[in-house]
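Next, two complexes with chain A in common: one pairs it with chain B, the other with chain C.
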Partner chain A sequence: MAGTLFSILIFPGLLFLCIAGLIFEYVDRKAYARLQNRVGPPWFQPFADFIKLLGKENLMPCAANPTMFNLAPLFAFASVVTVFLYIPLWQTKSSFSFDGDIIMILYLLTIPTLAFFIGGWYSTSLFARLGSVRAVTQLFAYEVPLFMSILASALLADSWSLQKIAVYYAQHPAYCLFNSVGFAITLITLLGKLEKAPFDIPEAETEIVAGPFTEYSGKLLALLRLTIDIEMVAGAALVVAVFFPFALMFSPVVGFIVFLIEVLVVVLLLSLLRTIIARLRIDQMIDFCWKWLVPLALFQLLLNLILKGALS
Partner chain B sequence: MSLAKKMMTWARIKSPWVIHFNTGACNACDIEIVASLTPRYDIERFGVQLKGSPRHADVLLCSGPVTRQIEDRLVRIYEQMAEPKFVVAIGTCACSGGVFNGCYNIKGGINSTIPVSAFIPGCPASPKAIMDGVVKLLMSLESTEEAEKPKSP
Partner chain C sequence: MHNSDRFKIPLGPQHPALKEPEGFSIALMGEKIMGLDIRLGYNHRGIEKACEERNYLQALYLVERVCGICSHAHATCFIQAVEEIAGVQLPRRAQYIRTLIAELERIHSHLLWLGVAGHEIGFDTLLMYTWRDREIVMDLLALVTGNRVNYGMNTIGGVRRDISPEDIAEILKGVDILEERTKYYIEVATQETSIIQRLSGVGVLTKEEVLRLDAVGPTGRASGVSRDVRRDDPYAAYGEIKFNVITDDHCDVYGRTVVRVKELMESYSIIRQCLKNLPEGPLTVKVPRKIPAGEAISRYEAPRGEDVHYVKSNGGEKPERVKIRAPTLANIQAVKQMLKDRYLADMPIVVAAIDPCFSCTDRVISIAEPKKDNRVISWETLRNYGIDWYTAHGIDFTELNNKFRKKLERV
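Coming up: the complex of A and B.
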């Protein structure tokens, strides 16, 4: 009981994730700034932003639905925090694990997008509604290649449990190379999930103010920003756990440090991608996902099916 | 001053998010505001970020005299911002109405419509002047909150 509470609230649950999320936000912003030839924010910047937002006034439009407006960020936050409990990061052990948890994680990572949609829709602002609709439209484009490429890797490992996938790839490190196409697709679609450039269409601030978050202020905005940070960490950790779980070959503490370094590399790759590519239009984004990423993901699935036959 | 309050003041000083609003300027001050956000000056060093939504912003950067047409909009934007909020008037026109003062369509400087925390004169105010003004505003924040400290007996 105490162990369960510890893993939910402290490590690798709430407390660890909040701090890791804010630190990785700093890494992302600093890398983004350095790539643009800027100095970038100091290390405590995300913490200062978070504390400041906690102390600000909470505003809600009169026409908004108070229940939905207040609950949507909580749902988003809860679901991304839950994701981390199922990711193996301490040797091959995750806090909780069962057969099929990879499917559950993928759906838990979808909940924030839907929560943003609901929050934006019920805040009744024109900009928020436009942004929400864009967020859901985008969801239908990136979700399919993302699921296919992650499940292709699971297919090769012959398991729906993240822990078993991690064990399989730790035993056969060379097999990770077969999934390189899937890794590239996952990285690109993860940018869509995190609503970062080039897929920051839902919150395009030059067009529609701040998308679904337009009407949020104060504590709820702080929670939403923290949700996106944790989503970034959880997404990067999922990529690491599925595509290169090498950390699991080392002893616990060293392995955990290697795991964090791998997550850092994925986050840096994400900031590199968002620096070098400008925002697409929503139709271009959907064309790109369905015309290029889905066929590539299908190719990855086919390759893994053939390999599975050849290797066994 | 308690620790929580101290931390809050620190966070407010370290993370001023700004929103830029043209109240009828000739665009020169707007270009200077945008210039101060470019990599050349990089004010993200001080935690300043440009936000699209007034709900997210702490500091409203106004440029230009208040025209009669923009007056209602300016009040509306100001009221949409969450407390604590600050207004900075950038450029001579925003401070006093400048050369447009007395025109039939001009109400005057920004402080004729909403309360202003800092005035930055200049035609146009240079990026360095804008940064200096914002830093002075934030420093004044520190001293006013310290002034509220109850005197020890």
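Coming up: the complex of A and C.
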């Protein structure tokens, strides 16, 4: 009981995730700044931002629905924190695991987007509503290739449990190379999930101010920002766990450090991608996802099906 | 809140996409723009009237503050008109220095625009890169004039500061670096897929529409209208300098980008020629405080397009009337046309593509009777004037007028 509570609240749960989220936000912002030839923020900037926002007043439009407006960020936060408990961090252990948890993780990662939609929609601001609709429209475009490429990897490992997938790829590290197309697709679609350039369409600053978050302020905004940070860590951790779980070959401490370095590499790749591409329009984004990413993901599925037959 | 499928969203007067206060009210259906209302006038400062209360030299410094970016453009345009009324022949060295500052200003304005365009399409890396390089030209301007903006270089009958051989060496060095960087930006703007995706086919304005709506500057030139005051009506030293007027036939935002980055290359060449052929001689000629009575219109190719100033003198120390037509006023009409059937996501870049300067544009117009005296015209007089005009052109409104009168009586 105490162990369960510890893993939910302290490590690798809430507390660890909050700190990791803010640290990786710093890494992302600093890398983004350096790639753009700027100085970038000091290391404590995300913490300072977070604390400052906590101290600010909570404002809500009087036309907004208070229940939905206040609950949406909490739902988003809870679901991304839960994701992390199912990801194997060292050796092949995750805090909780069952057959089929990879499906649950994918759905938990969808909840923040839906929560943003609900929060934005019920805040009744025009910009927030437009942003919410865009967020959901975008969801239907990136979710399919994302699921397909992650499940393709699971298909090769012949298991729907993240832990067993990790064991499989730890035993056959070379097989990770087969999934390189899926890895690229996941990385790109993750940008859509995290609403970062070139897929930051739902919160396109120059068009609709801050999209679903336009009306949020104070503690709720702090929570939303933290949610997005943790979503980034959880997404990157999922990519690592599914596509190159090399950390599992080492002893727990070394393994965990290797895992963190891998997550760091994924976060840096995301920063690089958002530095070098301009924001697309929503129609272009959907075209791109369905015309290019979905066929490529299908190809990955087919490849893994054939490989599975050939390898067994 | 919005039961119909069409709703209006306000872009401005305060909005992150806008750098100045202006209002766009967009009727949207989904992501598609169905209608657009533009409202200017949030930043009217009464500069024209204020000029009438100052002497010519003071007015010059006031006019320079019409725009923060093309300040030299407005100052030069104004002073050219004053000098024309006074019948002053400018020393050649002063003409060359004015040209030099004008081109340095064009470089800083176009680099600024490229960065803003990048930001509007969500490509902040381009913004950071171009604005970093823009610092080079800002430093050069500070070196030559003492200021980064509002250079204060002009005075009636010449320029206020000379350029030393050391300055020339510095400028040439800076221009070399900028030319290298600009070549890179030309590559980026014409080859980067996501930029081309966002720019090409967006904000289309055909050649006919340009001529009808009278768009000026790079906006017009990007639709194949080869108009450039520097060539068509040379002022300062442009008559003695060789340069190409860049045109493009893409007719869209992509074309406007290409025109601007290529114009940068022309500016470097103009600066080099200016510095190479910089004549020796005095910087100013003496002009009396009182400018003789008369009026003049002066044209100037500002980075955003043709700038027009009208100055009327009554023989005193102060101008009797100053009229400023900033290039944005000519271009803003075209925005509505450009946004026809486009998406909301195109709105910021299409507005940015005319390189708007709304605060410079804000003027108040009061209509005076077209005859000699300066009374404010009454509605009845204006109406009769219209009827007379149409009758003279063979169009008769008598029947319509009768209907109108009957309608009025019923009310």
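As a working rule, the second predicted complex is superposed on the first by the 312 of 312 C-alpha atoms of A that agree within 3 Å, B and C clash if a C-alpha of one lies under 4 Å from a C-alpha of the other, contacts with A are read in each partner's own complex, and residues count from 1 in each chain.
By our rule, a contact is a pair of C-beta atoms (placed from the backbone, for glycine too) under 8 Å apart; a residue touches a chain by one contact, two chains touch by 3 or more.
In this text the structure is predicted, and so the values were computed from the model without any measurement.
Enquirer: Quick check on the superposed pair: does A:Lys56 touch chain B, chain C, both, or neither? Answer first, second, both or neither.
Expert: A:Lys56 sits against chain B, while chain C stays out of touch.
Enquirer: Based on the superposed arrangement, let me know which partner A:Asn37 touches: chain B (first), chain C (second), both, or neither?
Expert: Both chain B and chain C are touched by A:Asn37.
Enquirer: For A:Pro198, select first, second, both or neither according to whether it touches chain B, chain C, the two together, or no partner.
Expert: A:Pro198 sits against chain C, while chain B stays out of touch.
Enquirer: Of the partners chain B and chain C, which touch A:Thr214 in the superposed model: first, second, both, neither?
Expert: A:Thr214 contacts chain B only, not chain C.
Enquirer: With the two complexes superposed on chain A, say which partner A:Ala48 touches: chain B (first), chain C (second), both, or neither.
Expert: A:Ala48: touches chain B, not chain C.
Enquirer: First (chain B), second (chain C), both or neither: which does A:Thr275 touch?
Expert: A:Thr275: touches chain C, not chain B.
Enquirer: Considering only the touch criterion stated at the top, classify A:Lys308 as touching first (chain B), second (chain C), both, or neither.
Expert: After superposing on A, A:Lys308 lies clear of both chain B and chain C.
Enquirer: Which residues form the common part of the chain A surface touched by chain B and by chain C?
Expert: 36-38, 127, 205-206, 209
Enquirer: Can you tell me which positions in chain A touch chain B when the two form their complex?
Expert: 29, 33, 36-42, 44-45, 47-52, 55-59, 127, 205-206, 209-210, 213-218, 221
Enquirer: Given the complex with chain C, which residues does chain A contribute to the contact?
Expert: Contact set of chain A toward chain C: 35-38, 63, 124, 126-127, 130, 134, 197-198, 200-201, 204-209, 275-284.
Enquirer: Residue numbers of chain B touching chain A in their complex, please.
Expert: Residue positions touching the partner: 7-8, 10-12, 14-15, 39, 42, 44-45, 47, 51-53, 55-56, 58, 80, 82-84.
Enquirer: Which residues of chain C touch chain A in their complex?
Expert: Going through chain C, the ones touching chain A are 1, 7, 9-10, 15-17, 28, 31, 118-126, 128-129, 132, 192, 194-195, 197-198, 343-348.
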